[in-house]
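What follows is a pair of complexes built around chain A, which joins chain B in one and chain C in the other.
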Partner chain A sequence: MTDPTLTDAAATSAVESTRTDIRRLDPAAAAAHLRAAAEAGRGFLGLDPVTQNDVLLAAELTRMRAQVFRAGDKLLGSVPNPDQPRQAFVAATCADPEPLRILLGFLDTRQRCSSFVAMVPDGAPSAAAFESCGFRQVGVLRDHRYQAGAYQDVVVYHAESGFVASAHSEDPCSA
Partner chain B sequence: MMLRGYRGGDARLLSGPWPAGELLGLPVNGRPALVEEAAVEPPRDAAVELCIAPGAAFVRFSELDWTARRARLEIGMQPEAVDAVAMLLKTAVAHGFHVLNLHRLYGWVTPAADPPLAVLGDAGFQREASVPSGNWLGGAAVERQIWGAVRRD
Partner chain C sequence: MFGVTVRHFTQADIPVRTALLRESRFQANLTDFAVVAEDDALAAGQRRTIEQEHAVKRIFTLCGPNDQVLGFAWITSIDWRSQTCELSFGVLPQYRGGFGAIAVAAAHDYLRTELNMRVVINQVLEHNTMLHSAEALAAQQRVRCPYDSYTVGQWRTSYYWTTTEDDVRQHHERTETRRREIAERIRARRTV
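Let's turn to the complex of A and B:
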């Protein structure tokens, strides 16, 4: 017999996930939020809000055809791979995997992405979110960034949509 | 071999029968005739450094980051000039490091297109990442690699 406590817990988790407030941002708003994110925004989709001004950030997001979403004070983003329409580059500013799972589910079910790539500055907190979602490390880009007076590596992660842990099919654009 | 800036008369060098966005854009064996040729746009602003090896190839430095001093390198060789690919790649690396004063060059390589990987090693590149399903070639998603060269001086 199923433990009703477990069933209730699963249902509660699903409801909380559904209620996660994720909103799509236009490039100008995304640039402003990236700037507000400060250190957490550095390296987001290859951008750097410390060395790039808002106009340049918005122009780069537009050029890349980036989608940026906000979940509270956390930012999520994706950019299509121009050479492989079923793959997307994704980014996050936090270690919490739940908003990332929702983004991956959206990209999988609504935009038919079958694999995801993340390029994460070495030591960034968001690496924990990607690992929690089933991403595995597939390489390290040497001296790819420059920050705090030194060159830093960037870690490359990859996941197939079928291996993304507990990705929910939700639409972050419904708000 | 020398590189110079792009001129209007070089337009024919900007397209060819290679996979798009490759570090070493060389003609692919068995490529169906119906496949559209890969092409890059003429430069519109300073966001891209587009160079020409006259009559042979284009060399493009894109995704330029002047803080990290890095750029993505793309080369498109015309079929009649492929024998010069090793010399051109070394010329491109020297241009990136010593003319543009970059610290890092990187590019995407699709092994299924059978590029000469030894040429990359000879020019100072190392394979840094292997991304499954990173490119679409021959009707299927195929692995794509990131190769990088770092200036050490």
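Let's turn to the complex of A and C:
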């Protein structure tokens, strides 16, 4: 499928860019992939497959107007900040920065996002991906999550689209 | 020692749990409402729990080492702010005995370590000694409630008690002490 805009979440269950392997998932498919991601899926966009069943995950993704993409077995996601429409919360399940760069490029060039925020559970592999993409740590939310019998910190990362854009030279989501 | 995993109850589990709801000992020991409900109604109720009742009721599937379904646990009377809930469970007939107590412990562990429940309310009908001996039930009960339930033609007395963080810690300490004592006895025999 060659839809370059990827703006209508209900239009199709999976949308594939012609120049990347990023595929858009509908909420039900996204929930299933989050569950399959096991530990890496915990804290993704604030969700947790261990404490939320697939129906609830899908409902939350829909409520947040989330976009979830799959790159191989990796997941990427974004949610618009309702208080700042040009800002997106983003998430990833892996340390590899390349799929994340593709997502950021798409959000920048196709959805006019000017800044990004990532809230990453302390110790999650995806922190490396955000740092590689130019995100800088701007704060730590102490004991923000409860998981495996303990409260855990969440690290807050921030990046501006111009800075992120310098990390990639092309628009990977164009048709 | 094998592990029991706790996962979310899914639509695929509905036929197995429906059959359990109709099983004779389940009906005597927990509730016999399934006698007067049709399959479609039972399935619809469970689907509703999966899809709509996350805030007030949740069902979990207890799985063995090969992912086989051992039984189900469900929580009701959930008070998220007070971090309390009531836990019920039903183990499939073929897994009662050896698996049952471990499955129940796994459910308690999940509620505590993932859902952050601090107090779990337990209820067992007085005649139900599948997982607790009559002596153990009498010893740990805090509330004895005659005429609590009417199942399979009889009024049943119910025992209620809570499991707190202190209870769990003390249980772990007792288990560890027992394990150490057994290990020391084995070592002592080897040296004789």
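We adopt the following convention: the second predicted complex is superposed on the first by the 144 of 175 C-alpha atoms of A that agree within 3 Å, B and C clash if a C-alpha of one lies under 4 Å from a C-alpha of the other, contacts with A are read in each partner's own complex, and residues count from 1 in each chain.
Basically, contacts are C-beta pairs under 8 Å (C-beta built on N, C-alpha and C of every residue); 3 or more make two chains touch, one makes a residue touch a chain.
Here the structure is a predicted model, which means the values were calculated and not measured.
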(request) May I ask you to decide whether A:86 touches chain B, chain C, both, or neither, giving the answer as first, second, both or neither? (result) first
(message) Going by the contact rule stated at the top, is it chain B or chain C that touches a larger number of residues on chain A?
(response) B
(message) On the A-aligned overlay, A:95 touches which partner chain: chain B = first, chain C = second, or both, or neither?
(response) neither
(request) For A:128, decide between first (touching chain B), second (touching chain C), both and neither. (result) neither
(request) Could you tell me if A:55 is touching chain B, chain C, both of them or neither one (first, second, both, neither)? (result) second
(request) Check whether A:144 is in contact with chain B, with chain C, with both or with neither, and answer first, second, both or neither. (result) first
(request) Scan A:29 for contacts with chain B and chain C and give back first, second, both or neither. (result) neither
(request) Kindly classify A:158 by the partners it touches after superposition: chain B alone (first), chain C alone (second), both, or neither? (result) first
(message) Let me check the overlay on chain A: which residues of chain A are in contact with chain B and also with chain C?
(response) 51, 146
(message) Applying the document's contact rule, which stretches of chain C touch chain A when the two form their complex?
(response) 8-10, 50-51, 54, 58, 112-116
(request) Give every residue of chain A touching chain B within the complex, in rising order. (result) 46, 48, 51, 81-87, 114-115, 117, 138-146, 151, 156, 158, 160
(message) Applying the document's contact rule, which stretches of chain A touch chain C when the two form their complex?
(response) 50-56, 146-149
(request) Quick one: which bits of chain B touch chain A in the complex? Just the residue numbers, please. (result) 19-21, 63, 67-70, 103-104, 106, 108, 126-136, 141, 144, 146, 148, 150
